[in-house]
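The structures come next, written out as structure tokens.
Common to both upcoming complexes is subunit A, partnered first by subunit B, then by subunit C.
Here is the complex of A and B:
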């Protein structure tokens, strides 16, 4: 039995249930659904690990008119991290939404639609499905941003929606040009046909610009902080951890998998340059914020910059350095997803406990609500890239690749970026460990529900644990090659 | 010049015009229009340039149909959010001002 369609059918079924039957206890039902979804994901993971990549044609309609879904090593890794983070966020939301009754009504359907469309992107095997997935992710994500429906979140949602729509037009234009040149949308066929000519370059430029806008890479980052900083805590966690990664995933797949031979070195270095700008600009802006959620949102802008460094390190370098960069980049996707979702969840708890979003309001809370602050700190360790953590392993692999390929300027960027991250993380700690505030009895807080504190701590723990278990996803990443060599053997 | 190339050129022209409007105009409704015209331009390129096999290729037609559905839903969502935004703020443009987050949203959950 092929498990691939279930990963889309389960979330869509649950979305319909939560939309049409709001009188049922949809929160606990969602948790049950997440268990089913995680089980299906785990089974697919196991099967891909044992037998290599799998393909599934929906309704037995073959490409080009049919829709082909592909599950390879990278896909199942992303499916697993999506299911994991979504499950923890759902658990957190059970507690968090008690004080947000109105939002809870629409949170759950959108949550499931978001999950279905994210899985659709990870599983898509052709360019047009990726487009549809991108749009569906945008609709669900914008819907979740504007859940509170006040002036600020509506403005942030509109800004997000407009930029995302512009990005998808750019992507679609590139897809149209690629189809007119090569007559196929299938990524595997395209990888064999694609050659460096003007049509390819214009198409890839259009696609890249569109996806950079959607990924909020500097200088197209301006829509992200208000949208991610203004949303509800579990929404921010999902958006920063998973949604921005979906468009980066397409960018990486297209350039490094499909178009590896047509990526000019100058373009790759340019991607690295805007990544470096994002790291420094995002870091400085994070340092200047006086609202804790905006600090974390700008931290996402900075951390997305690291992902862009994969391109100069992987393109035009020796295969072993290229492989290191690819593995480091994908590990960074996982590590950042875990750390940032943990950070947004713990910050959500802190904000709820002290009743204000200002960083100053956290004065002296280190003794009042230590568990959430500890989760924030653990996530910070991974973001800074301190050992042992997933973030450390990712940055270590990228550093090795940069040193090995002699690109010393990226070594400088990677190291200074970590220093900057440490600065803004410690800004929060300086306030919260303020001895005067502790002694004067400031920082008296409401009790936070245990489920919220534990969820953030669990994800932060996983971000650290990824430092020890990094071999598992890295090993799976090399599976696509296994599949293609099997294909050649059978032909 | 073949009819298909003509389609593609008109499409490119539409995209350029609409992109210009999208960046220059600040009125949110005009920008929604610009997005729709940009979409039409892309669809023209799709049906025009992609017919290179001397016969009607069904794939671009299917893509354009899907694309239109997506564009209509996107427009509907944008209009809905815009209406609500207009009702609350009486503003038709996005300024830095209405992005500044108030300190109130966590404390005032709507019942």
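Here is the complex of A and C:
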């Protein structure tokens, strides 16, 4: 019995349940669903670890006629991190949504649709299917942003929607060109057929621009901070941790998996350059914010920049340096997902406790609500790239790759970026440890539900733990897919 | 002759597009957009893609147009105190660069695309041949329907989910305290017309659904016509959107539920996800399509009817309402 389709069927079924039966306790039922989902993910993970990548032809139609789903090392790693973060966010939302009755009704259906679409994207092996997945992600994500339906979130959500649709058009245009040139939408077949020619370059340019808009890479980042900063805390966590990674994942797969031979060095360096701009601009803007959620949202803009550095490090370099960059980049996806979701969840708790979004309102809270602040700090450690943490390992691998391939300019960017991150993280600490405010008894807060504090702490702890267990995902990433597909052919 | 027609069509299409962008009156822009959609449908006909033409006319021009007119009515009700539905409320002319930049980037994109199509390599794989080869096993005779509901049915399943999510978002935005709508007064002319128009619309919708298995047509187009009939009824003053909430929700999700259930239950027999048993493939596809038509019609209609009623209609709105 193959598990792959269940990773889609389970969230879709739960989406229908929570949509049609609102009188049931859909929160606890969602938690149950997350357990089932996590179990299925874990089993698939184990199976891929033992037997190598799996391919699944939907409807029993072989590509290019039908659609193939692929579960390789990268896919199952992303599936696992998605299930993990979504489960913690669901647990957090159980407590958080108590103070948001109206939003709770439609939060759950959209949560499940979002999960289904993310799983669909990680598993997709077909370019057009990825487009449909991106549409589903977009609509579910925009829907979750505007759940609270006030003036700010509506404006942010609408801007997000327009930019995401613009990105979709760019992506679709490129896919149509590739299809007309090569006659197939299957990514593995395309990898064998693709050649560097004008049509390919225009198509890849269009696809890349579309996906860069969706990933909110500088200079297309402007829609992200109001959308991620204005949403409910569990929504912000899901969006920053997972949703923006989905379009980056497609970009990375397309260039480094499918089109590695047609990627011009100048394009790869250009990707790195906008990544560097994102790191500095995002960090700089984060420092200027006076609302805590906006600070974290701009931090996402900066951290997404690191992902773009994978391209110049992985393309056109020696295989071992390329591999290091690829592993570092993917580890950064995981580390940032954990750290940023932890950060948004802990910030959500803090905002709820002090009743204000301003950073200044956090004055002296270090003695009042230490657990959430600790979670914020642990997540910050990983974002800064201090050892031991997942963020450190990711940046270490990327640094090694940059030094090894002699690209010293990226070494400078990586190090300065970490310093900038430290600056804005410490801005929050300077306020919260304000001795005067502590002494004067300021910063009296409401008690935060234990479940919320614990969720954030758990994710932050995992972000640190990833520093010790980085070998596990990295090993899986270097699973030789070629070998397993050969095995499949011989069967 | 055909060439002359195509050239004229192309020019008219471009003029309509320019009209949408450069018209300062929102209502005129929407009318241009609808005309653009209809011309685009003709382009699809000329390109031998009648399925796309049907969808474009019904959804692109028809329903989207209705939604846009509705939005304009909302905007002009809000701006009634200022100066109607104009783009810029200050009355200042837009900056020169904001007019030139779109044209400039459009020209660049056009040149890039032209090159990409001109120097396009010959596709090494011919998917249409493969579709034609496998058509007998698909259970239907029309290749488009075979692709949408069999070969690439997974895409269609997710597309239906996208529609469902869109309507869920619309429902989420609806305020909790929805007081009963201030009696949409029954328009006698529309009311009389609806008795004559709606039954044939429904028949056409069902026919298009049925035709989908052997010629252009299918669930999306049939659903769009069903939705149009519902929109017409609402405009004529029938309070059909006041269906019981739970009933409506089940109706919206029905197509997706049936599709997902069929897709999953075939796995009991050891087949992969979404593999119809060959002996009943045609029947299953038709059953799924019928349910989808019903749900798509309701979903498209709901997107229209979930919109909040215009705020405090003022006298300046009257003009638009008459035109509507």
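Everything that follows uses one rule, which is that the second predicted complex is superposed on the first by the 481 of 491 C-alpha atoms of A that agree within 3 Å, B and C clash if a C-alpha of one lies under 4 Å from a C-alpha of the other, contacts with A are read in each partner's own complex, and residues count from 1 in each chain.
Simple rule for what comes next: a contact is a pair of C-beta atoms (placed from the backbone, for glycine too) under 8 Å apart; a residue touches a chain by one contact, two chains touch by 3 or more.
Just so we're clear, the structure is a prediction, and the values are computed from it rather than from any experiment.
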First (subunit B), second (subunit C), both or neither touched by A:57: second
First (subunit B), second (subunit C), both or neither touched by A:287: neither
Which of subunit B and subunit C A:133 touches, first, second, both or neither: second
Touched partner set for A:191, first subunit B, second subunit C, both or neither: neither
Contacts of A:358 with subunit B and subunit C, given as first, second, both or neither: first
Contacts of A:177 with subunit B and subunit C, given as first, second, both or neither: both
Contacts of A:262 with subunit B and subunit C, given as first, second, both or neither: neither
Touching partner for A:65 - first (subunit B), second (subunit C), both, neither: both
Which of subunit B and subunit C A:106 touches, first, second, both or neither: second
Contacts on subunit A seen with subunit B and repeated with subunit C across the two complexes: 64-65, 102-103, 128, 132, 135, 139, 142-143, 146, 149, 173, 177, 180, 183
Of subunit B, residues touching subunit A in the complex: 15, 22, 28, 31, 35, 38-39, 42, 45-46, 49-50, 52-53, 58-60, 62-63, 66-67, 70, 73-74, 77-78, 81-82, 84-85, 88-89, 94, 98-103, 105-107, 109-111
Of all residues in subunit C, those that touch subunit A in their complex: 112-113, 115-117, 119-121, 123-127, 130-131, 134, 150-155, 158-159, 161-162, 164-166, 168-169, 171-173, 175-176, 246, 249-250, 253, 256-257, 260, 263-264, 267, 271-276
Residue ranges of subunit A in contact with subunit B within the complex: 64-65, 99-103, 128, 131-132, 135, 138-139, 142-143, 146, 148-159, 161-162, 165-166, 168-169, 172-173, 176-177, 179-180, 183, 185, 226, 229-230, 291, 293-294, 351-352, 355-358
Subunit A residues touching subunit C - in the complex, by the definition given at the top: 2, 4-5, 9, 12-13, 15-16, 19-20, 56-61, 64-67, 102-103, 105-106, 109-110, 113, 116-117, 120, 128-129, 132-133, 135-136, 139-140, 142-143, 146-147, 149, 173, 177, 180-184, 189, 193, 195, 197-199, 202-203, 205
